[in-house]
Structures are given as structure tokens and as C-alpha cells.
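First chain A sits with chain B, and in the next complex the same chain sits with chain C.
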Partner chain A sequence: MEGKFPSPETTHLLQRIKEFSRSIVEDLAEGKSPEISINRFRNYCMNPEADCFCSSDKPKGQEILTFKREPQTYRIDMLLRVLLIVQQLLQENRHASKRDIYYMHPSAFKAQSVVDRAIGDICILFQCSRFNLNVVSVGNGLVMGWLKFREAGRKFDCLNSLNTAFPVPVLVEEVEDIVSLAEYILVVEKETVFQRLANDMFCKMNRCIVITGRGYPDVSTRRFLRLLIEKLHLPVHCLVDCDPYGFEILATYRFGSMQMAYDVESLRAPDMKWLGAFPSDSEIYSVPQQCLLPLTEEDKKRTEAILLRCYLKREMPQWRLELETMLNRGVKFEIEALSVHSLSFLSEVYIPSKIRREVSSP
Partner chain B sequence: MEENSGLSSMKFFSDQYHSYADILRPHEARARIEVSVLNLLRILNSPDPEIFDLSLINRKRSNSCINKGILTDVSYIFLSTSFTKSSLTNAKTAKAFVRVWKVMEICFQILLQEKRVTQRELFYKLLCDSPEYFSSQIEVNRTVQDVVALLRCSRYSLGIMASSRGLVAGRLFLQEPGKEAVDCSVCGSSGFTISGDLNLLDNTIMRSDARYIIIVEKHAIFHRLVEDRVFNHIPCVFITAKGYPDIATRFFLHRMSTTFPDLPILALVDWNPAGLAILCTFKFGSIGMGLEAYRYACNVKWIGIRGDDLDLIPEESLVPQKPKDLQIAKSLMSSKILQENYRYELSLMIQTGKRAEIEALYCHGYDYLGKYIATKIVQGKYI
Partner chain C sequence: MEIIAPVPKLLIQLISSAFQRCRLAEDLCRLSILLDQSTDKDSPITCISISDTGIGCNLEEFQDLKCPREFNGVKIWDGLLSIKTTCFSEDEVYNYHINLDEYTSNKRLKRQPSQSKNGAKFSGTEVSLSVFGSVDVLVAPIIGMIQKMLVLQILNVTMDMMVKQGASPGTQTQYVFAVNADKTPSFTASNLERLKSGLEDYVLRHGNCVDMLCDFCFSDREHLKVGSGTACHDENRKRTGGIMEVVIVISDLLETTRQCTRSCDGKTEVLYFDNFSPSSIPHVALSALKKVDWKSYGLILGNVNDKDGHVFLEWENFPSYVQIQIAIHWYHNQYPTRQKNGPGINLVKKGIKNALDDLKAKHEGFLLSSHARKICSYVPDLARSIAGLIFSSTDLDFKGDCLSVLGFQPQEVEREAVEDCIQRKIVTVIGMNERKPQKDQEAAPFLFFEGGSETLYFEDEELEGDYYSTSLE
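Moving on to the complex of A and B:
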């Protein structure tokens, strides 16, 4: 907020930006081309043997940008322009989204993707996360349950209204004083499931925190979840639809996304458990035939692509098995299908029994 | 007959041609369902049995009328008394006829349990209980609207959950029954979430010292204005529905406008037909939500971005419209309700074929947006 003193990290980063710029100027003064080394990151590959190093957060290769080649010069140019704006943001203690930055100089940045890449390059170069650069986007997440915290001067007292949805704060870095009496964290894919749990007063009967990203989770939701895990050390369970899209969401929470592979440490939930829904659940919980929808061609292709990912082979073979079962059976179903016989089935039977038995794959 | 003359005399009040949806408590909604069922049974059991046709308020454009406020500045769309008939004896509408009763049955059960359902859950329940009649989500949604039209009560009253998308921040104090007052100027960076529970919103006490209510189309812009505490420089309340407005946000805005009738309501939208459509929905209501719409129309004025702001926008930020924009533009143009100056603005959009987002103003500096709004307000440049 305006008037706040920059944090020590910000001051340090500003210092490093100055040093970086100085080194470029010095190179230019000597008539040399600067050499900027940008590491490459990925969080999975399609290596069938899975004897890759994807699980480590170390870079997998690097590129060196110089003035010797035109496209690289352009890339350095954009990097410096965005860096200038970032410097301003840090000095003034303001935040901007990637889109805002694009609009500040649309003639220079011909497209949004140019800005996106420059920001990625800067994060990798300075080994920091996007939020360290004061680049944040509004988020879509919701949270409720046995939790209390403060953000930017406002008290979030979820504990007092257990079934009210609170927005996941955008400036996750300004979240303080996290207090919780929860026994676990439950992450659900869809807003409708979140609403169902709220309507059933799930948090009254179960001491937990419920979060949803309302679909594919954005950075602030993933960051917030990560923060809760770091501060509270609670087990995390994930409830998604039994379809490739649901699994993709689970994988994003657990392993991170390729786009943000350079920042995977601050964004993923490393021990997240897959609570459901599994293909096997459709039999165990008597999901009626009409609710089992056939996998489309698109679904099948997607599933096959996911199955090639190395982390499934190496780290979560049980998840791989379930995914293969889904592909073999050729059907998918949504969480709502489980509540067909009784609306409160999800809250009263499915979730508590799974958590109790820890039948969810580890 | 007395009844008839009573009815005919009431025709002098235009209100009587309105069809509107009530917000009911669960037991009231159940009562209406019971009455419908009893009526059906009564006619079946009568000496001259027949199955009457379901008269549903026609949700087509042809049945929409505009009420132009004479004493007030509020105009709104409402659905008049033209009905479509859904008949069991007509092969085409027979299934639709049955669907309405099936949905009413489930809603009744839900209301009895004092719970709510999402439309998706409703779909799965119907898919399992009556697969011959329901095969897609769209059918379910349409049938729900049919029930709303038949019983003349809101979707929310039937026990269907409403999601909350709206946010509000600024110089406003809100007090929900039984809770402490919340200060919306100290709400972190996200603002206060507007609940989907219309009953709750109806009973929320509001206090404010703001001078304006400003509707913001996009979440990102809302966030920017809240982060910069623009509501302290311009004493106002910011509200957003994060896009196309939902019923709850419109209801909330309407409540604010009746609680603070002297506060002008201004809208900040992107310069494109979609933005104008969003403004018009806040302003007039929408036909799709016909029965629920009219009550929440407000006298909204368009502050920006408008045609005369285009010189503030750099060339590169004026991008070509998407195909959807053209469709929306056509639909808006043919709407009877669009006033002359809006029509002019819309034709400018169609002529140039371009659009611009509010963020385009950032090229003038990061805090330019606050200054832009303040200037426009001071100069009274809103239509």
C-alpha cells in the first residue's frame, strides 16, 4: 500500500537490479556484448524411462542471450523495458498485473506474450518469484473453514462464519497471523462443490479448511495453499471430477504447471493426496449408469498425453493406475453424480469416510 | 361481475401489465407448488376433466416492453402478459409440460429439507429419476425458467443456489443481521464479497458517506482502484460483478440505490459492445431473466470509456473487435430500449470496428485511472 516502507527483500532486489544494469552498461562501454544467462526449467518430460531429473528443482539447461543475434537482442530489449517498469513498481510499492504492464507501453511491447516472456526471464535471472517483482493478478479462489488471518489490514475471520466463502487474498505475501484449528485442508475443483459443502454446513461437522480455485487454479490460489501448508503443516486432500480435466487440475496443484516451472517451489503442494473421485468409486458408491458419460476423443488424447508424463511413472504410480482404468473403461463422471441418491452424501459419507480410512492414494 | 370491473379499473395502472418474480421464503414457495398441483388435480377430478395448458409468461423479445420512467429516471424491461402455452396434448410441447412438473417435484423436496441445489445437481437428479425427459443441462435450465415463469417466483426461492460473483469496496458500512458492521474501506485488496443469498442482502443494513456509486466492469480494474484507495480521493463505493452481472449483484446495487437515492450511479466499462451490454443489463435488466429483472433496474450513467475518450488511447491499444462483439452490437441496436446517445456511441463502435480496454489508459501513468474518473465526474461528463 502507499506509504509503506519497502521490505528488506525489495530493497535487496532493487540493489540487484541496479547491479545488473550497471554490468550491462559497463559491457557496452567496453564495446562488448552483454551475456545474459537464462536457465531453462521444466517440471516434467515425456521420457518413457523416467530417468530424468525433472523432480529436482534445478534448471535443465540454459540459454545465453547476447547481442550477436537479432531475436536475442530483441529479447534483451524487452527484458530491460519490463525491468524498468518493475523497478518503478518496487520503488513505489505498487502492484501491477502482466496485462497492466503490457498496456503501459503497447507500442513497444507488441503483444502480451512478449511481456509474459520478459517477466519469466526476469524471474529466472534474479531467481525470484513473480510476486517479488510486485507482479500479481487478481485471483478467483475461495476459502472457508477453521481459519483466521489478516491481509493488508483486514481481518479474515473465517472461523466465525464457517460456511461463508471468503475470497483468497490477491496479495498473498501480505497475509499474516495465520491461526487455525483445522485437522486437514480440502481442495475442491469446482465452485459448485464448494457451495454444496457450504450449504451442508460441512465445516461445522468437520474441522477443516476448504479451498477452491474455481476450476484451473490461478497463481494466488496455489500460492495461498502453499502458504497454509508451510505455516500449518496439515495434510492436504484434493477432490476433483473423474475426468482428464479434473486430473490436470490435481496435477497442477501437486506438481505445478509447466508455465511456472521456474517457480515451482513456491506454488506446489508436494504431499497432496488424491481423495477422489476415482473410476472405482462409481461402482463402490453405485453411481447410476446415466451419470457415467463417455470419454470424448479429445478426452482420450488428453489422458494419453498425461500418462506419458515422467512424474506419474516415477512418483505416483497409483495415480497412473487409476488414470489407466479411466481410459480403459472409457467413461468419466462428475462429483455431483455421487450425490444423486442423497444431497448430503458427499458431506456426510463420502468425504469423511475417505479421510478417516485414508483410502485416498498416498 | 365485480371482479371484472375491478380488474378493468386496475388497467389504468401500468403495473398491472407487469409480470414479475417474487422472492419467497421456502414455505411460501412450497405453498405455490402445492397450489399448482392441487389445481391440476382439481381439474382432473372435475365432472368435465381436461388437462389445462400451462400458461407460461412468454420469454421472447416480442413480449418484452419498456417502461420509461416519467417521474423517475429509471427505465426497465419487463415481460408483459403474453403467454405461451405448453400443452400435454400437443406432441411438441408434451415433454416440456411434463418436465415442468418434474422440476417442481424436486424443488419441493429440496425446500422441504431446507436445503439448496445447484443446477448441475438438479440435472443429475433428473437424469437419473426421469431419463426419458431430461438429457442435457440446457433443458434443465430452460425448464427451471419455465417454473419461474409459471409460479412467478425467483429461481432462488425455488431452492436453487446462486453463486456470488460481486464485490464491493469503498465508503460503505454493511451490517448483516446478527453480525458486526463491516467497513468496506478496510477490506484488504479484494473487497467485500456480495452474498448470493437474496434474503440476507435484503436484510443487510447499509450506511455510507459516499457521493457516488461506481460500477466497474472488470475485476482487475476494481482491484487496481481499491488498491490505490481511490475511494478516499473520490468519496465513492466501487462495485463489480466481474463481468456480466448476476442477480445478487444487481439486487445489491438496487438496494443501494433505494437506500441512498441521491447518489448517482456511474459505470466504467470497456469500449466495446460487450461492455455496453453489461452497462445496459445493470440499467434496464435483461430479457433472459425477464421475470426477475425489472425490480433491480437502476438509473446507471455511462462515465467511460466513451467515444470522446478515444484521443486518450494510443493507436496500438485500439484493437479489432471480435466476431462476438458484432453479434452483440447488432442485438443491442435492434433493442427498443437503447436511448439515442447510446445508439450514437454504439454506431461509432460498429463503424470503426475497433475496441479498447480500460487498461489502455495506463499508458498515461499508473495512477491515471483515478484522475480520469475524477475529471469526468467534476465535468459532469456522463450520459
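Moving on to the complex of A and C:
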């Protein structure tokens, strides 16, 4: 944090930034066109044979940015702008969020996505993670349950108040002393479900850790989950709505996102299980007809696109089957629909029975 | 009563021949033109005489000359050209009369008694004729032609013209035309060098050799941007020996330190020279001008106006303070110069392109295509970021290294100067990228699988983020 001496990683990164700047200056001084080579990463493709290299975290190709093309020049421009800010953050031992960076020059950046891309390019260029650049996220995740840990010296004792939501730490690399008595980790898509579980005192009845990203999970949430998996070696179950959006969230936790493909190893949960909700659950658990909403055109297109992803074919064909079922039936429903018979159905019946089945099946 | 149309054209041809003879003499020569109008106001007669001290003339020159005695029912002249000529080594001065109204060759040329030179060694020619009409209409075209001849900067020829409209000195005007001695290249300079220098002078005098050099422009010769290009046929092709030289001068009035009053209508005058003689632009060159890829130099060609052989190019979206002047010279360096092959359209295009490339190479950021100019719009920002990375670094060694690589002394350096320097260097690189052949833009061959099919498998990366996330990443 502020006031500390720069870590050796920071010094090393600053050195590399200087080398990079120096090489550009030298090229220009000699009248040569600078070339910035950025590796391309992806975590999936649409190859129907799935005989691709997406499961490897190695780069798949390179882009070479030069001043010969206008879009590339723009990309270099944004990269250098953000790099300048990053150099200052590292030298002064300060941190800033991506949003902060955007607001430093909103008229130049024009959109947050531009900043995000520049940050991604810098991470790839210097082969580091975003937190190495002193760029932090504004954390969005929540955690509760049978867990204790420390973040940058502060104690988080979730054990003490099992049904209280704690924020997922933002500086995940500063998390230490993780202690847990949980049997599994449950990841839920929505805050509403998280709150329902808290109200039902789910963690009192079940020895587990519950996490939510409150929708599409941010990097801190994913990194924290990954850290817990690495340290605790617990099974991970994921509960999402039965719709394309929910499935996308599940896929992000499990396989990582395209945007952060360069950092996929530290962000994915490789053995995460899909607990529900499945299309078949609507019959098994008698979801009333009015809760079954038709898939929109957008939903269908989205689902068809997801079905093409190579990792589904290669690694989780059974997920693919469920998704196809959803598409064929043409309906979707939210997790809350399962509680239509009784409010605590989710916490008392659905989740525990599903987990028991998971545990018993191979 | 004015002199009729075919006469100025004839005079220009005669002056042009006289000029060639002087040029080829490779010695200091003089070309004098005399226009002597009789005092009879009702039906004036003008005696015209063109004399030169060049090599003796070859009667072949006059073979193709034609000028009818009448035109539209009006009498022009008696059709008789009187020629006196001698070569250096000859003993006599030969006299001829040529009837330009006559087409049968044996009736056309009549030899007259010659005169002995009595051992004197000299060469030269005098061509005389008389025409009906007053002199006024002749002066302007002759001066116009000589203006253009001066562009070639043939240093060994001085020209003068005497116009007499009566006996008293008040009715006589003398013009002397000489190449400006200050800034001319030496006698050993190439034709191209001289053409360059001549066109620069032409521009600085606003195309008018009679007036003084414009004080405002002349002191700022540096604001002219000059490019030159040469093109010749390949040696093994049928057309041999011709040389195409093109010079382009661009003046940017915004860059002058003082205001010049000349109006700049943005039109480009194209001067064409055929074998050291100003001539009207041939069709081939006109087509070539239309076919040059002006767009890749950031220029959009609008109209091409051809008025009696004077060509003016008009540009679209062109700043009013910039003027472009083009001179094209096609020559064989042999005498007599008629009936040589003209240049092919590709040769003219190549010469123009070489001149444009030369301009571009000499001046960074100049004549960039619109694509390159779009890229240049990022330059100030890029320079600011790069300068920022240097100046905000806490590592003084790094700072010093970068500054010295850019050519600055680390101690007394100002950030603005460094940014300027970086800007210029990036613009140079952008210009250079434009000129290089686009070899490296082909995709590298794939070793293991077809390149084409790969791209079908990638979803648009943006979609994922757009549809779902609110930038929570």
C-alpha cells in the first residue's frame, strides 16, 4: 500500500516499461517505424471439430501494431496513454481502478472499453496480471460461510457471523491465512439468491462457503474463487438461472472470458460443477407454467453461438446437451421460480439434494 | 488594324528555332528580335527581324513552316521569308527566300546571291519578314514565350526585343531578357538542375520575367518546396534516347514571413517543353496528368483546363494559400529537333510520380495521402505520451539516454522541444511507410492449417462484453 517500498516485481516491471519506451524512442530517432508485438489469446473458438489449442493458455498468434494502419495507431496511442499513467502509479506506489483511469482523460478515451483494452494490451505486452500494474478493481463480489482470512492485515472472520455478507477482497494477492471448515463452495449468480440463502441461514445448516459475483463476475471475484480452490481443494458448485445469460456466467467462472484470456490460468475454476438450474428441473420440481418464459430471438441466437464454442464439445458435452434441451424447449426460467411452492425450498430442499446427488454420483 | 492570328504562331516557331541554334552553339550567344512598325496609321506594316549568333541554320527547319498569305479573306503578308545564315567555318553568308505560301518544294526555296565573309569567323542567322498590321498584338505572346524559355535557364543565350512604333525614341521600347545571375546554377549544371532553378525563379517572379522579383517572396526562397524527377525509356525498347524531366514547385504562402500581395487562385500551371522549346502540351501529356494517382499524395484533381495549349489544373478542397507549379521537359539533345518520337504516356506519368516522390522524401509530412493524414492526427497525442514517459520517469539515467538519442543535451532541454522533435520523427516515419512497397502486408503462410478457415471460428470478441457485462471486469 502507500508508503511501502516498491516490491521487486514493481521495480522489475518499471525497468521493462523503460526498456519498452527506450526502444520506441530509438526506433524513431533512427527513422524506423516502431513495431509493437501483442500476443493474441483466446480461451475458445468455434471450430466444430474442437481440435484446437484453446485449452492451452499459450498465445495463439500475434498482432504487430505499427503506424501503417489507422486503427493500430489508435490502439498504440491509447496503450501509451495508459502506460504513462501506469508508470506513474508504480513509481508513486499508488493504485487506481480502471474507472479512475478512464476519468483521467474521458474525452480522449471516449469509453471504458478503450481503457480496458489498453490495460489488456499492456498486460500481454509485459506478461503480467492487471494487479501488477497497480490497477485495481472496485470489488463487486460477496462471500459468506465457513471461512476466515486476512487481507492486507485486516481480519475477515466469516465464521463468526455465518449469514453475513462480506465483500470479496479486491487485492486478492494480499490475502493470507485462509482457514476453512467448509465441505464445498457454492457460487450463485445473483445477489437475490445470495440474500435468500442468508435469510434462510443456509450456512448454519450447511457447512459451505457461498460466493456471488452479483451477475457477471468481476476479476476479483474470479481470482478469489481461484485462490480458495487452490488453497482449500474443495468441490465447487454453481447455481445460475436457466437461461443463456446464466449459462454465460457459468462458462465465465469455469472457462474464463475472452477479454481476460491472457490471464486465464489465474481466473478460472477448472472443476466447477453445474448444480442447476437445468431445463429438466422445471418438470422435476414442478415449476408452474407462468414462470416458464419463452426464449427471445436474442436468447436463441446467443444460445446457438455458445453451442459452437469448442470447449463445450471438448470438455463438457453434458452441459452442451442441457443447453440444447433449453433451446429445443424454447423456454427459460429463473432460480426463484423454484421457490414458488415454498420460500425456503431452495435452501432446504433443492440445493442440499442436488449436492448430495453430486457427491454420490461419480 | 491588328496582325492576324497565324503570324504570332509563326514568329514563335522562328524564335524557337533561333533559340535552339544559340543553345547548341555552346558559346555566349545573342538573340535579338526587332518589331518595326511603319508610321502609316491607316494600313501599317510591321517589319519583323529575328537575328541570332548561334550555329548556322539548317534549311530543314523551314521545311514544315506554313503561313498562308490570306486568312478569312484578309491579307496577312506577302508570304516571303528572307534568311541570311552562315556557319562558323563557311566563307560566305548565304541568302535565301522561302515562300511559305507555296507547297511545291522546287518553287518554295529560292537561293539569292551570297556574300563573302572575307576571312571573318562568325556564325549566325537573320530571318526577316513583313506583315500587315500593327505590332501590339505580337508583344505579349513573344514575352510570354520568352518567360517560359527562361525557365530552362539556358545560360549562354541572352535575348532582347526592340519594338518601334515610329522614328522618335519615345515610341521605342527595348526589352532585355537575361537569366538572373545571382541564384543560377553553374554552366556545368545538368538540364534538370537548371529547370529546377528556372521554375523557382518563375514562381518567385509570379511568372512574369519583365517585373522585378517580388521582394516579399524572393527573400524567402526557402518556403518553396521543390521536387524533381527523371524518366527515360529502357535501353532495349524501340523508343530510345528521349529524356523526360519533371520539376514541381510548391509555394506555401502561409509560411512566408511577410505578406505577399499576389493573388493565389490555387490553379496549377503546367509548362511543357519539347526539346528545349516551350510548346503547347501534347495530348499524351494531358492524358498522363489526368491519370497520375494524385490521391496517394493527398491531392484530388478537379478540372483540367486546356486553353490554347496552356494547361491549368484545378484541385478540390485545396487551401487557397498554396500554389503548385509544374514544368515538364521532353528532349533528345539533338538538332534539328523536329520529327522525333514523343514520350509515351507511361513515361510522362513516371516522371511526374518521381518528382512527387522526391518532394515527399525531402519534406516530412508533405503530400501525404488522406489515409496517412488521418494517421497523423494521432501524432501530437503520441508525442505527448512518449515525452511523458521520458520526463515523468524517476530514473535520470533513462531520461538522459532517451534525450541524447533524440539529439538533446539532457541539461538544457525543454519538454515542448522534445515533443516537437518526436512529432516530426513520427510524421517522417508515417511518410516513409507510405513510400515503401506494401510487401509486408501479405499474411504469412500458415504452417499447419489453412489460414482462411481459422477466422470463421472466432466470434466477435466485442459481443461477449456488450451483451452481458457492464464492464465489471
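The rule we apply is simple: the second predicted complex is superposed on the first by the 318 of 362 C-alpha atoms of A that agree within 3 Å, B and C clash if a C-alpha of one lies under 4 Å from a C-alpha of the other, contacts with A are read in each partner's own complex, and residues count from 1 in each chain.
Throughout what follows, contacts are C-beta pairs under 8 Å (C-beta built on N, C-alpha and C of every residue); 3 or more make two chains touch, one makes a residue touch a chain.
Everything numeric here is computed off the predicted structure, so don't read it as measured data.
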First (chain B), second (chain C), both or neither touched by A:Leu343: first
Per-residue contact with chain A, leading partner among chain C and chain B: C
Which superposed partner A:Glu70 touches (first chain B, second chain C, both, neither): second
First (chain B), second (chain C), both or neither touched by A:Asn39: neither
Partner chain(s) touched by A:Gly215 [first = chain B, second = chain C, both, neither]: second
Touched partner set for A:Ser113, first chain B, second chain C, both or neither: second
Chain B versus chain C as contact partner of A:Asn163, first or second or both or neither: neither
On chain A, positions contacted by chain B and by chain C: 137
Complex contact set, residues of chain B against chain A: 110, 113, 115-118, 120-121, 123-125, 127-128, 131, 161, 163-164, 167, 179, 186-191, 193, 195, 219-220, 222-224, 227-229, 314-317, 357, 359-363, 366
Residues on chain A engaged by chain B in the complex (per definition of touch): 1-2, 92, 94-97, 99-100, 103-107, 110, 137-138, 151-154, 156, 161, 164-167, 169-171, 174, 191-192, 195-196, 199-200, 288, 290-291, 334, 336-337, 339-340, 343-344
Residue ranges of chain C touching chain A (in the complex, touch as defined): 371, 374-375, 378, 381-382, 385-386, 388-390, 392-395, 398, 401-402, 405-407, 422, 425-426, 428-430, 432-433, 441, 454, 456-459, 461-465, 467-473
Chain A residues within the chain C interface of the complex: 14, 17-18, 21-22, 24-26, 28-29, 31-34, 42, 45-47, 52, 66-70, 73-74, 76-77, 80-81, 83-84, 87-88, 91, 98, 108, 112-113, 116, 137, 140, 213, 215-219, 245, 248-249, 257-260, 302, 305, 308, 310
